[in-house]
Amino acid sequence: MKMDLIDPEFPKTLERFGAGSAFECFNCGSCVAVCPLVSGHFPRKMIRYAQLGATEKILRDAKDLWKCLHCGLCSRTCPRGADPGELILSLRRFTLDHWKRWPNV
Amino acid sequence: MYDPNNIIQLIASNLRKTGNPFGASNSVINSWWKTVPLRRQGDAMLFTGLMYQSIPYIEMTTEWLARYEDTTLASYFRYGKLTPSFLVSLGFRLLVPQIQKRRFNAILNSVYQVLTNSNTDFCYRPELDFYSGILLHDLGDSEGFARHAAFVAKTLKANGIRKLITVDPHTTYAMKVLYPRVTGESFEVRTWFECVAPSGKSCAGRVTLHDPCFYGRYLGLSDLPYKILDDLGVECVRIRNSGEFTNCCGGPAESVSPKLNREVLDRRVEELNSANAPVLAMCPICLGNLLRAGIPAEDFSTFVERYV
Amino acid sequence: MLATQKAGKILILATESCAYPGANAVGQAHSSYPENVFILRTRAPVLFPERFYIECFEKGISGIIIMSCGVECPYHGAYEVLARRIDRVFEMMRKRGLDPTRLRLTAICTVCTRAFLKEVQQMNEIVTKLGPPAAERTDTPPAEAS
Amino acid sequence: MKRVTKVVSSDSRVGVYICHCGGNISDHVDVNAVCEKISNLDGVRTAKTNSFMCSDPGQEMIIEDLRSGEIDRVVVASCAPSLHEATFRNALSRAGVNPYLYEHANIREQVSWVHHGEAATLKAERLIAAAVAKARLLKPLDPIRIEAKRHATIIGGGIAGLKAAKDLSSRGIEVVLIEKSPFLGGWTAMLDTLAPTGEKAADLVSSLAREVLEHPLVTIHSCSQVTGFEGSVGSFRLEVQKGPSDSGVPPVKDRGIFIPFRGYLPEEDEQPCKAFVVETGVIVIATGFKPYHPKNGEYGFAEFEEVVTLPRFIRMLAERDAGEGPLSIGGKEIKNIAMIHCVGSRHIPGIHEEDESGKLNEHCSRNCCSATLHAARLVRDRFPGTHVFEFYRDIRTYGRFQEDLYSKASESNVIFLRFEPESPPVVSRNPRADGSSLKVAVNDTLTFGERVEVPADLVVLSVGMQPSDVSDLIEMMKLPVGADGFLQEIHPKLRPVELSVAGIVLAGTCQAPMDTGEASAAGSAAAVKASAILAKGYVELDPFIAEVDLEKCRGNGECVKACLRQGALYLKDFDLHGEKVRKAQVDPVLCTGCGACVAVCPENAVDIRGWTISQYEAMVEAIARES
Amino acid sequence: MNAEKSTMQIFKFDAIVIGGGIAGLQSSLDLADQGFKVAVVERDATIGGKMIRLSKVFPTLDCSSCITTPKMAAAAHHENITIFTFCELESIERNTDNHFVVRITQKPRYVDQDKCIGCRKCEYVCPIYLPDSEQGGFSARKAIYVPFSNAVPQIALRDPENCLLCGKCEKVCPTRAVDFFQEPEEFIVESRAAILATGFEMMPLEKNVQYGSGQIPDVITALQMERLLAPHGPYNRVLRPSDGMEPESVAFIQCAGSRDKSLGLSYCSRVCCMYSIKQAMLLSGALPLADITVYYMDIRAYGKGYEQFFQNSAAMGVQFVKGKVAFLNGSDGGKVKLRYESQEKDGGVQTAEHDLVVLSLGLLPGWNPDGKCGVSPASDGFISTVLPKSAPALTDMEGLFVAGAASGPKDIVDTIVEAGAAAMEASNYLGRTGRS
């Protein structure tokens, strides 16, 4: 991932969409393993890209965000209390906002 | 999977037009109360949020969506809002089987009966029973949700409604947690089973509960149903993933990917089957989903009604 | 027990910090072992010169097990010195026609009850098979051993 | 209760007391028959039985027989010696008899609980006979008593040394503290605030140093070094050379002040050079550590001026005025900081490169994770516009409230990237002129192994801890050193502050990496050991040590070569019967009584007191004899 | 020891040490060696704490029992130390002389401690068999028993819950020590200084729902694994408890209750990484063919010699997988299934199967001062220390010091150092306030 794809200011951007405590994640992978979707690195993949501010990657895989069942199991079992489920919702809002602004991208 | 953007736009536009995400008017969808003696006066208002009523319609849609998912036709879905022929109320009325509608309406009748039998001071005013907007929140359309919620909250408050009795976990979560945050208006929200009075009756049934995620985790309400069953003398086979750690049935995925929904559902069905006992559900989405998987699930309220 | 009566005496040199309490733990468990086993407490078996072992056999002891603390020995370096010394004792035993299996160096901890019993059992089989050491000796002891 | 007494002509009069143990022994061993037989042995004056020898009447019986002079040594045959050997030795003392004229026969755990029938009786008899055989050869022994000067010397004035000085002086012990540099406080003084408590290092050092300095029993010698050493526990003699100052910076005239990032000044910086001698009872080594110095080019160190070590960065941060403006270097704003963990720690042979001396730092330096997180957090708090990226292998916030530090760093959006030792981060110039001057690239295992590049205006290397160079002390005092280069304690689990050299204890990071709190604890733990040695004014040691029979010894030196404890045995010239002879001599302080010397003496001139070869031979004979 | 008297007895000491584990023993020895009179109060029927129950210790692989027993014996035989076992601490208060008044209940052993000679005749005749918690519940003990072979003191105790009162033990006892009518007895220890060495407890397996709440066969705790590995363990070798098979693949799950806010325990338990690596090493010796995997978040091998120990274990073939195990499940094939995220490039959700799974459960405070003592616990529940950087043994109660895991999880060596430090602080406090 090239330097210009990383944006340490992203947490600030995401604040508008209610990111909560997601940046506390220490990447243990618990959320991936409990997620009923059983789907690759989801949802940690999204959390990780959010931590790095790799928005391009988030938007590339944005459709995955809507697979989330919002069941809350990841948030309930997250050892860091990072509430990954809430981050997914925030990223949905962020993505919708992006689509609204740049409908053709 | 379907493009979430299209689905959100469709739902938002339906909500704007009809006040619910299904494109049929509330009065078409909400007809269960016509078979009960209506109580318009009472301390708390029964607020169904139109969820149970909508399930037959959602089932219909899902079936349709499942047929076209991952086909070239799926991309045409983005024009859904422009070709609403199958989504207008007339279409629905014709397409949705009466038997389905009756089944879900009966659940609300049961809740009504349980509340009455438990001497709950409540009323029902169909014209004030709105869809909560929860789906918009879940899908990420926070503005759409806020707009709708503001309307619902304002209307309820304007009509003097302060206390709500809810029947499903999603509406409960919306009214109890999201509304105060988004609209600034707070309601005193209870679920119907928080109103159940001990009947003193005892039966010797054996069931298992499929706890909805929202009761288990978001609202911390999952101990109560077990207690009610225990009071009734019903043996409840507790499966591994239950209560706070319940597993999702996959229901919420039905609008974007019926396929994914099916995968998750099948795993949950296996877990529920391990209990070897009749399954009780407590959420219209779960119930619809489980029924579709061929599990003869019953709603918790109709079960309780028999004994309370 | 006829077999054990025939078997010669076995001497165990047990370190006071590990093996001796280990032998007592066997007692506490009431696990039986042959009565021809005699345990002497030592601080560190590095104390004994080569000739001590040979003389034990001369006195009629049929087998010796040195039960040390092994590398956990509280005296730094003592175990390594002991191990080298025992090699020399084996050499001397061979020269005298004594079966070297009559002598064994092992490590037993305070709770190694099973290992203790196994060692004793094995040595008992050896001395039962070999008989008394006197019968085995073929040549006269060299002068330096006296 | 059976008693058999007879008149014997032997010079030793053994009393044998056989315990029934309320049936525990007597159910399996025919105690009376054994008593009868034992009473017939040479040297046995009396043999008695009792249902509980350890009971008061049982002990009284022994005391009575000793007091009447009927017997002069005792064998008790009962349970395991670990349970009652001390009880019976005590009984001898109470009877006014040397407690070492006692031998124990274990006929419960090693006879009645494991054997049955006649065989048990026969074995009990043999074991008691062996005990009698040894008892006849016992000699009275006295514990070794060494006078100890109530005086402690502490080498090193860092936190551990100061803490030990404070503790020992509070116990009323005279203390001399010797510090190489002009300052007290060691590396703690080089810190700003401490993780995770956030307290000021300067406050901690100052208050501790002041307390020590003001204590009337403490003398501090800064700019001083130990140049000579002799003696042993209780009476060491140290030669000390004072001055000149080695601080390499202009001398400071004031005293009793704390100078940031240098330390607390106990006396005027410039002191006249002098040499003097300290006589002391115990020595506390608190010589500390030194930070790892990165190699040229290691993560761009010395190659790019924007690459600094963590101690340097901590100072930069502290010296930066609070308040206005962003953090900057060379006039340029620091927007991004990359911090790299495990620099000079956790080296893996085959992966990391050895230094000139062929050494790798395979150890974990224990503090760097918390220190790095603490610094990162400070940056984020004070300069919200500066972003921090941490490159780590494992985050080791093991200590109390340290995990919170990690948690809070994440919370304040410090970005963590994890690397495997085989592919460490690469620091290079950023070719793009518009951004940060450096970039750090890594295969980030948290991002599924993707190559991630991070901009950096400053790279901070979290350097590890290495033992400081105390080769002179190691040489002089024969201090043991571990494979990691740190001083080696006696037992890494249970005796972490003691050295195999009696009277010398370890405090703080000369033993292993520690944080300030841990070094304080180690300083106190070392002090408590020193205090125990000095509490009575003398040290009492076990009497079981080697003893040379000067009549037999021919001074061939075999024992000295075999001795496992350097200095415990040595050759000394004696005047024997008017003749000058060389003979072996035992240092009772150093001898551990292992017996390695005993086995090699061709003259049988060395023995361990209380455990002699002839005693063993007598026991073996008694065992081998048919009853 | 306390004799039976009608009035409450008062014993006076310079210092009292609460807890007879390795921390308490070291503190009391360090005080006693300086000439202070010390009382040690232990809740359990034996001193030795958790350490005497371990198999071997890291990173030296010394036999734990062999290095603990000498400390226990040294304390038990020390002329300045008095040990009270099987005693419950009721309260620690200050009287007007500023002395600590410690109320203690001697719990009934139903065996007279002054008479019992530890011969275990009672134990051998007792007809009741119960799971022996000292052996992880894997083997049996009796309803009257000496806790284990190197317990100090070697005195029997009767388990009134399970005893049938058949009277066999009473008849066989050679010293008539069995006393069915023994009552709890309160006594008082007065001292000028006190040290809390109350240690830790393991988080109960039942608390971890995602790991099966203790219901999945062959999911065991690390302390149970210690017993399986001990030379005097229940089976003599490492077998899995469900069916006595030799496990071919064993998993260690790190942070099974530590660093986990969802379980209400956000701190690191500090010892689990190392004991798991140690157990893995011992296992690879006991079962050379078995696959051994450690699932971890961060390997915290921070102590002296620990990192090298960790690297050695990896070189010996122990597999280390970074990832927190999210879920455990039993399976029909007798395997334990677990789910984790493999963080590698083509990783993602993985399911692995193991014959035996060992959980590194979190460490919890061993004692809660609430209502018993004015000392404050910190947010983590362990005793709060007021000067953690310069005097880690100091609590917020003057004259009361803390050592070992009572002030947070700690390994043995750090405990020993702190125990020495607590003894030093207590000595200085005693010096300042004058000897009693």
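Here the chain labels run A, B, C, D and E in written order, and each chain numbers its own residues starting at 1.
Here is the rule we go by: contacts are C-beta pairs under 8 Å (C-beta built on N, C-alpha and C of every residue); 3 or more make two chains touch, one makes a residue touch a chain.
The structure displayed is predicted, hence computed values, not measured ones.
Asks: Which chain has the mean of its C-alpha atoms lying nearest to the mean of all protein C-alpha atoms shown?
Replies: E
Asks: Find the chain most remote from subunit C, comparing centres computed as mean CA coordinates.
Replies: Comparing chain centres, B lies farthest from subunit C.
Asks: Which two chains have the most C-beta pairs in contact?
Replies: Pair with the most C-beta pairs in contact: D-E.
Asks: Cα centroid separation between subunit A and subunit C, in whole Å?
Replies: 69
Asks: Could you work out how far the Cα centre of subunit B sits from that of subunit C, in whole Å?
Replies: The answer is 81 Å.
Asks: CA centre of subunit B versus CA centre of subunit E: separation in Å?
Replies: 51
Asks: In subunit A, which residues are in touch with two or more of the other chains?
Replies: In subunit A, 26-27, 38, 41, 76-77, 80 touch at least two other chains.
Asks: On subunit D, where are the residues touching two or more other chains?
Replies: Within subunit D, residues 82, 108, 395, 407, 446, 448, 450 contact more than one other chain.
Asks: Pull out every residue in subunit C that's touching 2 or more other chains.
Replies: Residues 21, 28, 30.
Asks: Line, ring, star, complete or other: which describes how these chains touch one another?
Replies: Chain contacts: none of line, ring, star or complete; other.
Asks: Mind giving me all the chain pairs that touch?
Replies: Applying the touch rule to all chain pairs gives A-B, A-D, A-E, B-E, C-D, C-E, D-E.
Asks: Would you pull the subunit D residues touching subunit C in the complex into a rising list?
Replies: The touching residues are 80-82, 106, 108-111, 113-116, 119-120, 122-123, 126-127, 130, 500, 544, 562, 564-565, 592-596, 598-601, 608, 611, 613, 616-617, 619-621, 623-624.
Asks: List the residues on subunit B that touch subunit A in their complex, please.
Replies: Within the complex, subunit B touches subunit A at residues 1, 3-5, 7-8, 137-142, 213-214, 217-218, 244-245, 247-248, 250-253, 256-257, 260, 263-264, 267-268.
Asks: For the complex, give me every residue of subunit E touching subunit D.
Replies: Where subunit E meets subunit D, its residues are 30, 33-35, 57, 59-60, 62, 67, 71, 73, 77, 117-119, 121, 154, 174-175, 259, 266-268, 270, 298-308, 311, 322, 343-345, 347, 380, 382, 388-393, 407-408, 412-414, 416-421, 423-425, 427-428, 431-432.
Asks: Show which residues of subunit E lie in contact with subunit B when the two form their complex.
Replies: 209-210, 212, 329
Asks: Across the complex, what residues on subunit E touch subunit A?
Replies: Listed in rising order, the residues of subunit E that touch subunit A are 210, 255, 259-263, 297, 323-327, 339-343, 347-350.
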